[in-house]
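Letters A, B, C and D name the chains as they come in the text, with residue numbers starting at 1 for each one.
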Amino acid sequence: MSTKVKKPLPVWADVALIPLINILLALFVAGLIVLAIGEDPFEALEILILGAFGYEESLGYTLYYTTNFIFTGLAVAVAFHASLFNIGGEGQAYIGGLGVGLILLALDGILPFWMLLPLAIMAAALFGTAWVAVPAYLQAYRGSHIVITTIMFNFIAYFLMNYLLVDVIKAPAQMSPESRVFADNAHMPFMHEILGWFGIETAATPLNGSLFWAVVCCIFVWIFIWRTRWGYMLRTVGQNESAAQYAGIDSRKIVMVALGISGALAGFVGMNEVMGVHHKVLLNFVAGYGFTGIAVSLMGRNHPVGIVLASLLFGILYQGGAELAFEIPAFSREFVVAIQGLIILFCGALTYMCKPWIEGLFYMLQSDPKPAEKEA
Amino acid sequence: MEDLINIAISTLAGTVRVSTPLILCAMAGLFSERSGIIDISLEGKMLAAAFVAAGVAYVTGSAWVGLGGGILIAVGLSLLHGFACITHNGNHVVSGVAINILVSGLTVVLGVVWFHQGGQTPTLPQEARFLPIHFPLAETLSEIPVIGPFYAKVISGHNLLVYLAFALVAVTSWVVYKTRFGLRLRAVGENPNAVDTAGISVTFLRYRAVMICGILTGIAGTYLSVAQNASFVREMSAGQGYIALAAMIFGKWRPVPAMLACLMFGFLDAVSIRLQGVVLPGIGEVPVQFIQALPYILTVVLLAGFIGKAIAPKAIGVPYVKER
Amino acid sequence: MANTETLVEMVQPESESSPAAINLRGISKAFGPVQANDDVNLSVPKGTIHGIVGENGAGKSTLMSILYGFYEADRGDIYISGKKTKIKNSTDAIKAGIGMVHQHFMLVDNFTVLENIMLGAESGAMLSGSIAAARTELERLEREYGLFVNLDAITEELPVGEQQRVEILKALYRGAEILILDEPTGVLTPQETDQLFKILDSLRSQGVTVILITHKLREIMAITNNVSIMRQGKIVADRKTSETNREELAELMVGRKVRIEIDKDDPNPQAMLLDVDNLTVTDSQGIDRLDHVSFGIRAGEIVGIAGVSGNGQSELLEALSGIQPVSEGSFVLNGVTVNANNPKDAAEIRDLGCAHVPEDRLRLGLVKTFNAAESSILGYHLDPAYNGRILTKPDAIRNHCADLMESFDVRPRDPSLKSANFSGGNQQKLILAREMKDKPSVLLVGQPTRGVDIGAIEFIHKQIVAMRDEGSAILLVSVELDEVMSLADRILVMFEGRIVGEVSGKDADEKTLGLMMANALPRNNKQKQEGQA
Amino acid sequence: GDFKPAVVFDMGGKFDKSFNEGVYNGVERFKSEAGTKYREFEVTNETQREQAIRKMAQRGSNPVLGIGFAQGPAIEKVATEFPDTNFAIIDMVVDKPNVQSIVFKEHEGSFLVGVLAAMASKSGKVGFVGGMDIPLIRKFACGFAQGAKHANADVEVIQNMTGSTPSAWNDPGRGAELTKGQFDRGVDVVFAAAGGTGIGVYQAAADAGKYAIGVDSNQNHLHPGTMLTSMLKRVDVAAYNVFKSSSEGKFVPGMNVLGLAEGGVGWALDEHNEKLISAEMKAAVDQAEADIIAGKIVVQDYMSDNKCDY
């Protein structure tokens, strides 16, 4: 029998070992650069890790970023399963935040929190969806390429928000282009407050209730995609449109649904930022989370679990990176950005680089390869 | 009337200037994507090229050497993209995003270290730039109404790279439709199996495609920092890579339509610039933001109204693996 | 197993000296866990046609792909006319004078025929030159072998039959000395097949060596000099064609006796279940792909559609199954009228009790990336049996799939295996099982046995007849004439979107049908009137 | 507490070719003179402001200097948490006992360069190019327009904004295009308050042989001969003083409004542009300065009422 039979990698190697090796590779290369600018890579790594987990405050920030990335990552993923590339998370998140803001500005004095919360969630979803509705419609019924239209709608969102904040919702007699701060009953409780109710004292961080909602969204997306008929139809359309037609699935409706959900998920970034952290509508609070969501989703292989892990990684990079810039003068924020780029490159794009070696290794470790059983 | 014509002409001149980097990037993206490699790192490549070109041009005092430097770095990044996507079947989009992020950070870091001007490169002396070329008779003819100024401002009076960009559109469509390489390029983006079984190396073919993509983005970047401006400023590509990508799709991955899309966008942009602060009868002053958003809105409208379904090359973004 | 030397002698009556054109020694190839080829030895004398038969997934395509350099063998040597040759990629193969027509065509859909043929064999860096050169050369080839194709047609718009001619021209254009054909006749009409065999014959007479993979033993007997039988990645036997027969080959392939004819008793047609009236489908260019077609199918009968592929059969199926909109005319399905004003999509048609086995299994029939279980509910995904109010019922779906696999002997019996990883034959069985499961009153079947090995064919035919006997109305579209003849109770012949003739299954003969299909027969009195009888 | 200076730059970063960079130059000067190092951080998103400022305070930094109106809320919050730490903020008013608020009368400085622009213009058309369309920038524009009108009642002022994202502060290409557009409409003097985008504006002016006016720091040296002048906003001095005074234990909380009178704003005259400023221009602008200080001229501050109706 052939000794050449290669066993496929065990699952754990595929989903755990390889990513780990990739991260190490990325850190190694990053380390070389750190050396190049005359700093100690290990110290840097330590600061990065401690800065991300070391003390309760840092953990809070890490998870706060993670929350945003989960939302945008899921948004991209849902669209991807219908083989649609929603590059517009940025704009949808921005407008989603607007929705939350408007609702809260209108009702914060009037309604109690437990009524405002669902309203805010709906507003975020609704506005996010609304912002993708036109591109979605054009994609479904006019065949206009979703990538172009969503890029355009990102720009349009920036202009719209800039106009609204400077000329419309800016609180009078205040220099900065921001809305007034919501009344306290319209604040998403912070995690330290929530834990406080249970008598657990933690440092104040921007991490807030939205994290729970993010988790809910993960579960929802998983169920929706793999455990409902709509998810089934969505994946069918995404994988093989003519088969969908054969099955009597209206791919146009599906496209609308997929992008609608995608937009809603992106919109929740607005909730985390506006209702959870800043308690007011302000300029460019999205800060690129939408775009990074693309990398998050793809690195997470468009699966909620993967996305959570990828989001965590990015959370670490953001918070730990900030700490690096804070602690080591030589590390400008741009330097940190560059390091992030490297890590995305290795963990996201060069994922399979080391796979052959690993496979080779595994099959060397394989004692007597058993004859491959045949099919058909 | 008189100055209306002037406005019109200056708008067209502006259109040409604004469109140039878009056109170069659109052609670049076209080569890459026709070969099946999605490239959203046009932005990053252009930015890197702008940085290196400006730096090199400053150090050597030669725009041409700067151009060479810009092209080199962009090709280098293309090879990195290829290494990830072609050799290691990595995800094209992630690789692109990574390159964009890497570059936006690195340019500033290195800029600060090398030039101590906060990521900006020193202002280039005129002789180290690509300066406007004035065609013969431009002055004399400019007396003639309409045609004169048109010739002087729109046709003549741009720098070399502008003319190069338009020439390259012609070259691109010639290469894509009239040469062996073009035939194979179009084939590999549609069905790499066919190319492979025809005895052509899919890998090598795609690498060549992304390298051409690099060369073109290199020129685009150089235009930004050595021709249009006289120094590199952080993030100076300001999203034009994405616009170019959109324009290329708008043109359905075909050279001339893609160029027209770029020109359209440049035109809308040039118009919006000149519309800022105009007072419309009745409405009063239109908010700046609306005017600024106009090009993007109109692009969507045109796309929806007149451009049919854009069908990407079939094999785009799909890694080529025989043993599934 | 016959060792190669003796084999070479035995198949070389003429020049003892000249070495075998192809000589494969100990070829092995594994795909992951699957040992696709296992120590294969094969020797093909120059100027002969060598047949290879074997069940689906036996390793035929893989072996040929290795010879053509598409895959690299894990072990083993290749000798081309006696000389050891390294074939690392298709370039080497082409250099060695090998040409291959792949089972799944390797054509660029949106290219013209000419471009497809030139690709990789251009004469210069500029196309203009190559085009002119290619044209003349191809026109010569076309005349020489009677292989006519419109060089300027867009490939994807051509019927499969012609696409295959393009593939053959591709090989000949590269001056192939050795020609490999992987299941070439799967998509051809008898005429086209005869045509092809004439070509192969003339090629042989000019010293070209041909390897022919097919599931149709009749063809093996008709044209090959020698034949090798593959099973489970091994060559289990070599025979001289003159010294074997279909029954033996079938047995060698499947490892058991198979009956090649099916016996079915006469139909007793009942109520009209599908009544098609002047059905017309017009494509985007405004051409009538389906041109005022009228016929009816009663419960308990099989109506077969014969015709050269690309004469409207696909449109007929797609219109009746709700995939393509009806442009004109109508059809009545179980009493419900469907026409331009009252369109129905595929789902609605299914709800009317009409199931559809599509011609193109990979494009329509299933989703490659889905696992078998998921593919096994495609089109029935809304069925309450698999859905709660919100959630689907994974177990129900798995069991359903397992049942299907059991009842139609789909191998491997693994509902969680990716659909793509079943051989086409097994994919086909899964689809048939799915569509026949709830005993639809009307069944539309397209190419039920395309590229399926005889073991499976026998089984599938039995199932179809069984359905008829249980009172379903069945529309069978197939380019396999003997399939149509042996299954159908009535045969309609289509040409250019019209029905040009009808014969009853019993007294149909290949010749007249063939002529009808080419519309070369004056319309005889046998049509229409008994159609509605 | 003891003197451990720290500065938190805003989104633009310490090299924004604008007020962040001004602050950077100021604190660098302090560093080189006093030889005391300072902690620094550049925020990259909205949330980091508070985080960074608090971290500084936690690390015992004192004083903590925040840049830009956007840091107001953060400073306010952290200042309450750390009553013993001194804070200072530029471009925003935070009313806390341990906070010094430094705001500039940009409108006054802009007024002066507006006067110069109007007088230097032959075509009677002057231009303004802003970065992002935010109130602060409208404040510059409004002051500039008033100055121009003051010098020449029927001068036409054409205003452009670059964009609606932070990238509007780093888009020289677009800046150049906007400027060329204005030139084509007859403008021959252009004032840019647009950070890095200004680089493109000045370059375009140099290429076209028209006048440009710098902003914040003295940018006359960039293109001697075409840089008419620069509107000075001495954030560098302000930042320097914050550190200096605290190092001497003389930190004073409260409002600190820097206008012409206080020398916080002004216009730049040096060897690079002296040839461009005629005697009468100088006279006129000095006069205007005197009048403003004397209160004879009241320059309308856009931010006071979000209006620019002069």
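Heads up, the rule we're going with is that contacts are C-beta pairs under 8 Å (C-beta built on N, C-alpha and C of every residue); 3 or more make two chains touch, one makes a residue touch a chain.
For reference, the UniProt names are A, B = Nucleoside ABC transporter membrane protein; C = Nucleoside ABC transporter ATP-binding protein.
Here the structure is a predicted model, which means the values were calculated and not measured.
Per-pair tallies of C-beta contacts place A-B first. For the pair subunit B and subunit C, the distance between C-alpha centroids works out to 47 Å.
Between subunit A and subunit D, the centres computed from C-alpha atoms are 37 Å apart. Separating the centre of subunit A from that of subunit B, both taken as means of CA atoms, is a distance of 29 Å.
Contacts with at least two other chains are made by residues 32 of subunit C. Within subunit B, the positions touching two or more other chains are listed as 108, 112, 119, 234, 239, 288-289, 292. The set of subunit D residues touching two or more other chains comprises 13, 133, 163-164. In summary, the structure contains touching chain pairs A-B, A-C, A-D, B-C, B-D. On the subunit B side of its complex with subunit A, the touching residues are 80, 83-85, 88-91, 93-95, 97-109, 112-113, 119, 234, 239, 242-243, 245-246, 249-250, 287-290, 292-293, 296-297, 299-300, 303-304, 307-310. Touching subunit C in their complex are the following residues of subunit B: 177-184, 186-187, 190-191, 193-201, 314, 322-324. Across the complex, subunit A meets subunit B through its residues 37, 85, 134-135, 138, 142-145, 147-149, 151-153, 155-156, 159-160, 162-163, 167, 291-292, 294-295, 298-299, 332, 334-342, 344-345, 348-353.
Across the complex, subunit C meets subunit A through its residues 28, 30, 32-35, 38, 55-58, 74-75, 232-233, 321-323, 345-350, 356, 358, 363-370, 374, 377-379, 381-382, 386-387, 390-392, 394, 411-412, 421-423, 425-426.
Those residues of subunit B whose C-beta lies close enough to touch subunit D in the complex are 3, 6-7, 10, 13-14, 17-18, 21, 108, 112, 117-120, 123, 224, 228-231, 233-236, 238-240, 269-270, 273-274, 276-277, 288-289, 292.
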